[in-house]
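Please see the structure below; I have some questions.
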Amino acid sequence: MSTFGQVYRVTTFGESHCKSVGCIVDGCPPGLQLTEKDIQIQLDRRRPGQSALTTPRSETDTVTIQSGTEFGYTLGTPICLIVPNKDQKPKDYTETDFYPRPSHADWTYLKKYGVKASSGGGRSSARETIGRVASGAIAEKYLSLVHGVEIVGFVSSVGTAKLKCLNTFLGEDKGAEFFHLMETVKRDVVDATPTRCPVPETAQEITEEILRRKEENNSIGGTVTCVIRNCPIGLGEPCFDKLEAKLAHAMLSIPATKGFEIGSGFEGAKMSGKDHNDAFISDGKGGLKTVKNHSGGIQGGISNGEHIYFTVAFKPAATISLSQETSAYDGEPGTLEARGRHDPCVLPRAVPIVESMAALVLMDALMIQNSRTATSSRLPQIPSEFKSIKPV
Amino acid sequence: MSTFGQVYRVTTFGESHCKSVGCIVDGCPPGLQLTEKDIQIQLDRRRPGQSALTTPRSETDTVTIQSGTEFGYTLGTPICLIVPNKDQKPKDYTETDFYPRPSHADWTYLKKYGVKASSGGGRSSARETIGRVASGAIAEKYLSLVHGVEIVGFVSSVGTAKLKCLNTFLGEDKGAEFFHLMETVKRDVVDATPTRCPVPETAQEITEEILRRKEENNSIGGTVTCVIRNCPIGLGEPCFDKLEAKLAHAMLSIPATKGFEIGSGFEGAKMSGKDHNDAFISDGKGGLKTVKNHSGGIQGGISNGEHIYFTVAFKPAATISLSQETSAYDGEPGTLEARGRHDPCVLPRAVPIVESMAALVLMDALMIQNSRTATSSRLPQIPSEFKSIKPV
Amino acid sequence: MSTFGQVYRVTTFGESHCKSVGCIVDGCPPGLQLTEKDIQIQLDRRRPGQSALTTPRSETDTVTIQSGTEFGYTLGTPICLIVPNKDQKPKDYTETDFYPRPSHADWTYLKKYGVKASSGGGRSSARETIGRVASGAIAEKYLSLVHGVEIVGFVSSVGTAKLKCLNTFLGEDKGAEFFHLMETVKRDVVDATPTRCPVPETAQEITEEILRRKEENNSIGGTVTCVIRNCPIGLGEPCFDKLEAKLAHAMLSIPATKGFEIGSGFEGAKMSGKDHNDAFISDGKGGLKTVKNHSGGIQGGISNGEHIYFTVAFKPAATISLSQETSAYDGEPGTLEARGRHDPCVLPRAVPIVESMAALVLMDALMIQNSRTATSSRLPQIPSEFKSIKPV
Amino acid sequence: MSTFGQVYRVTTFGESHCKSVGCIVDGCPPGLQLTEKDIQIQLDRRRPGQSALTTPRSETDTVTIQSGTEFGYTLGTPICLIVPNKDQKPKDYTETDFYPRPSHADWTYLKKYGVKASSGGGRSSARETIGRVASGAIAEKYLSLVHGVEIVGFVSSVGTAKLKCLNTFLGEDKGAEFFHLMETVKRDVVDATPTRCPVPETAQEITEEILRRKEENNSIGGTVTCVIRNCPIGLGEPCFDKLEAKLAHAMLSIPATKGFEIGSGFEGAKMSGKDHNDAFISDGKGGLKTVKNHSGGIQGGISNGEHIYFTVAFKPAATISLSQETSAYDGEPGTLEARGRHDPCVLPRAVPIVESMAALVLMDALMIQNSRTATSSRLPQIPSEFKSIKPV
């Protein structure tokens, strides 16, 4: 369905050629200072036409808050956010519409619903992500303001151009350079180049790769890595709603994603327990830290206070400016002619979407955990003899 | 929370030292022939002590159906499934309990709940997966009986011993050998060796790797790959509940998982659109097929009838028979002494868990889609002039 | 939360002084012919200013479909419906704002959220019901088109002016007149007078009662009775989501409601089993009918095909044009002066809200049952020897 | 479905002739002292055979905690509660099974599911309520321990024998006697007679009414009234999940219920706004109280700290020891012969069920509100100039 979250709940709507796209955020805590500006920042990072690397279509996606705030503060009631579509007319049938576009959702939508949006993929349109980014920006504002949470996504690879330090846990430096990046990377450094890759050398390679594919009228895939710093301890619901499970769900719900790994990820699957296991040390503040953070900030499905880091794989954009041999809806083989402009690489624009989905996951998990903690904290203390279940 | 699914809903309970573990399955279609035998098969594939490669602890996890069936048929009412625990007493405090076990959930559970199960990780116990496997077996029975769905998981790597044909989309044969395996692999071949790897050469390497780690008192990670054949077309809810998003959620909710990739996965992120895009051809039955299936059977979040295949990364088991330098709950450094027997490699036992979670995802998606199709099919036909939204 | 329904899901937003009010309908079946006109009809029956009996404030609440349809057909994607507010500015603080209005939600909202909308009750505003009526109109269109469902609500009492035949099961005619009304009442007869009471004699009494209260600057409560004809058999989920439980939930979620009774209701609580029990007879079409329908069309939480009828109690509107002795937020006693115009009796306008909420309950229950039936119908037949569980 | 609640979630299972009935409680706060004894108390008040007024079938429904506690404390993990059935065999087909029992769920279950439990009504069995009472007892323990909440239900009428002070808001004493009862009634007084009516005079009338119906081999309906004292302020979610809406949902989900009214209820529908409106006065502790509590402790869907009181109507038990003219499943008219013993009046046993369902509603609402309050309280204070939205 189109709703995400259990307590901080987002419901999105809209496709390419309808009047508007947007969302309702239900369950936002009351008393949060909030204006359109807080949301527009991330929408601007998502919009097309930001640089020569992305689609030349320029859209100024301007959000309005329809409800849920007064005098710049949230009321605790549902917040409806709307961004009008530029092109509000459903498209009439043209010759190219005989063909479901390869690797698009045209055919599966038609099979699922019996109808499809005239634009083809309907809700699989990139415009659907506007509601995600807008609602994530609100979650992020709270998390940052109250807990100092920092969520920083960046492009870690495009094609074979790849951040050298990525997933080097098994290498000589045991990931030291990677963990340094996780510790220090900031959004302004990420935004310093249109690639949204914070390491200049790799950014240069990525730029070249993208321009080469653009030249070819082709497209190229890549990965976004994201780090979450200062995540409160204790988030994530054991069993089905482990924090990493919700993050995986969130990330794989972004269009064009094909993979997700957290902590040591697929590299971790090659390691031995002795190498992978993460000893505890005192954090000097009465709590514990882990030494290596191979877990990626989550153990047993629950955040442990270390940096949460994960990587998301995106396939190349399916829209390319090349003609393609394929079949029409009725099975007749034919040629789908190249259409106009397209986005050779969606990765830079995917960064705020990844960050926003992470914020939605965290905010919901936080509010569920706040419920438990607040409810539980009013109970009488457990006597100290029960140290099997309460050792400290 | 401990519930998974929207219409076919599973709620699990139980930890290591309580009376029993199990689940309630709510929403199971009525009239399905079902006895304990249908469920026990998969539980037996999950249980410890199946071979020299897994833990020597032998548990016979015998399931009983408490409710929801009569005369061997489901009533459509909640099915409660229970497996008694052997060791039903909470453990008294011992010296090793001073230490949260490294890379276990002991510490995060304590921080989350303020208490923890005496066994340490509580619900992060592998026994929690019994309810998943039991409920998944019911879903699988329906899917197989009615739609001929085949869900086959297998171990595709352990440590660096890896199936050679895995993710070879960019290689010379463009994945031909891999796709052949996806087409043909069966559960009996998988179960032919204790490794649950269906390719004898790799199975041999994996056996050696596991025995070597067992010798070292160490453990080792790996990957499970799973293919779903004959999945009905049209499953998966666009936007947040895309079929791959639900699969990712399901897989990352299994203990010890660190990554998930579907279709071309992380390899796909290196490809160009021209190479990745998947032309349509007639399936000869009035529908369409894709040529390459890089999408892994899902496009726009919706199943397209091709084989769904995905790989899940598991970290090495955290329990090892080696002493570990770490810290006590109070932050004091010390040595956690090695305990008894352990499972050097959980991968073979993880196979039925991966299959079961896949079955739960599919069954729920199917029932939601059945609701839409049944409801929609009673509407008057859309006139043929609306070919923009209904081209065939 | 602000979402209602499990498969046909409605999420509403908006309060008095924000930009707009409305809702997102998620899960609407694709291929349903739908334009704004279908929705506007019920919104017009809900809007203020329809007659001398309701509030003189005239609002033309004009709905637009923002998403989810193309060329006049639903796509199966979320439908966002929006109605702009006339007064879009939050109200500045005035003297009357010192006082929480008696029997309004001003004080509880403030206690719940720590803030409140400047208009006072925020979401407890009658404008919140616009989203309900709009989404209910879509559900009703489907139910009527496909199943011939007729949902007819009407005012059955205002103050002590009451339909004589209401709840006369214990009377001489054993409810015959009442059941005749249930069988025959139509929406055009209901709308024939501004009272929305279909029995002229009672309508006259109700008119007098309302005008008298208007004169007094007072208000008056009443009841709405609603009948659902042609409800498909089998709707409602046993246990917690019985059809009557969902109807009760829906009705008591309408502002100002204080009671709900279904079938024999509170009268039934006075009856003996022998008098209340409802024998079955053949319906002449291979099924069964009940003789008396004391159950109100629902048995064991499941619709049985008989007319569903229920009555909802509304307290008098809290806003009256009389000064009231009460206390300020800080506890200081004082006088809340009378404000301007108000609605002496909300009952006539409540009719479409009751109908819409009933439509939402039915549509969701139908789609859940359609899922079960469609999924179950593909199973092999149960052999005839199992007549304990399948007697026919 | 069989799950109730959003954060404190209960899922029940079981019918008459299966192995056991019970439930899983998910989301219970950790650290609550809990043993079977806490739960058994209410189960004992629910069980049959308590007195000459109820069914002579004597069942000792003994509950065991299967999971979720250790050393007598809750772990925060799912609590599975099980009560074995005495009669664990599905019933073979007998002649009486030709007939769906009048006013039972036999026929609707068969129509809904295509099968039915051999006992007839399946989940509509009174045994299904065991899971409700068991899970409600846990909720009640928390509410009582931490907030001093008192939930007291009692029988307020049986047939025409009725508590004289019930719903006397319009009477001479304006409900004073009724409100005194709400203030003072305790569970031990309720349990002093087998009628569970706390007013001796009415208890006597009720006893006579029940014995008369028993003599006749007939049954009789009635009402349960329930008061909740010390409910925390701020519970209930505006819009669809108003506290009264959830209570109505909960109560109408109990088998055999036909009506619900809260606060002034159906009497309130006869009143004028001037008479019904409830002025505020200082509560002497910095907050406000209402003078009349016609709202029944809830305003705008949110608890206001006053006593919550409501009444639930139960139809007479459908099982009577009289032969009934009705039809077989195939439509053939015939006589359903009287069977054995039955419960002439379920009202006394319904009292703990009503209380438990109320506890489930409150606990869930509390945990949702605790989430909001805890999350919101960490935000910076709203400056005092915003008194339109934050007047104190």
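As written, the chain order gives the labels A, B, C and D, with residue 1 at the start of each chain.
Here is the rule we use: a residue touches a chain if its C-beta (ideal position, glycine included) is under 8 Å from a C-beta of that chain, and two chains touch if they have at least 3 such contacts.
In UniProt terms the chains read A, B, C, D = Chorismate synthase.
Keep in mind it's a predicted model, so treat the numbers as computed, not measured.
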Computed over C-alpha atoms, the centroid farthest from that of chain B (Chorismate synthase) is that of chain C
Between chain pairs C-D and B-C, which one is joined by a greater number of C-beta pairs in contact? C-D
Just curious, how far off is chain C (Chorismate synthase) from chain A (Chorismate synthase) if you go by their C-alpha centres, in Å? 40
Where the CA atoms of chain C (Chorismate synthase) average out and where those of chain D (Chorismate synthase) average out, how many Å apart are those spots? 24
Taking the mean of the CA coordinates per chain, how far is chain B (Chorismate synthase) from chain C (Chorismate synthase) in Å? 44
Pull out every residue in chain A (Chorismate synthase) that's touching 2 or more other chains. 1-3, 6, 12, 27, 30-31, 70-71, 73, 75-77, 90, 112-118, 122-123, 238, 372, 376, 382, 386, 388-389
Using the touch definition from the top, list the residues of chain D (Chorismate synthase) that touch chain A (Chorismate synthase) in their complex. 6-7, 27, 29-33, 70-71, 73, 75-77, 142, 145-146, 238, 366-368, 370-376, 378-380, 382, 386, 388-389
Within the complex, which stretch of chain D (Chorismate synthase) touches chain B (Chorismate synthase)? 1-3, 9, 11-15, 17-22, 24, 26-27, 30-31, 64-71, 73, 75-80, 82, 90, 112-118, 122-123
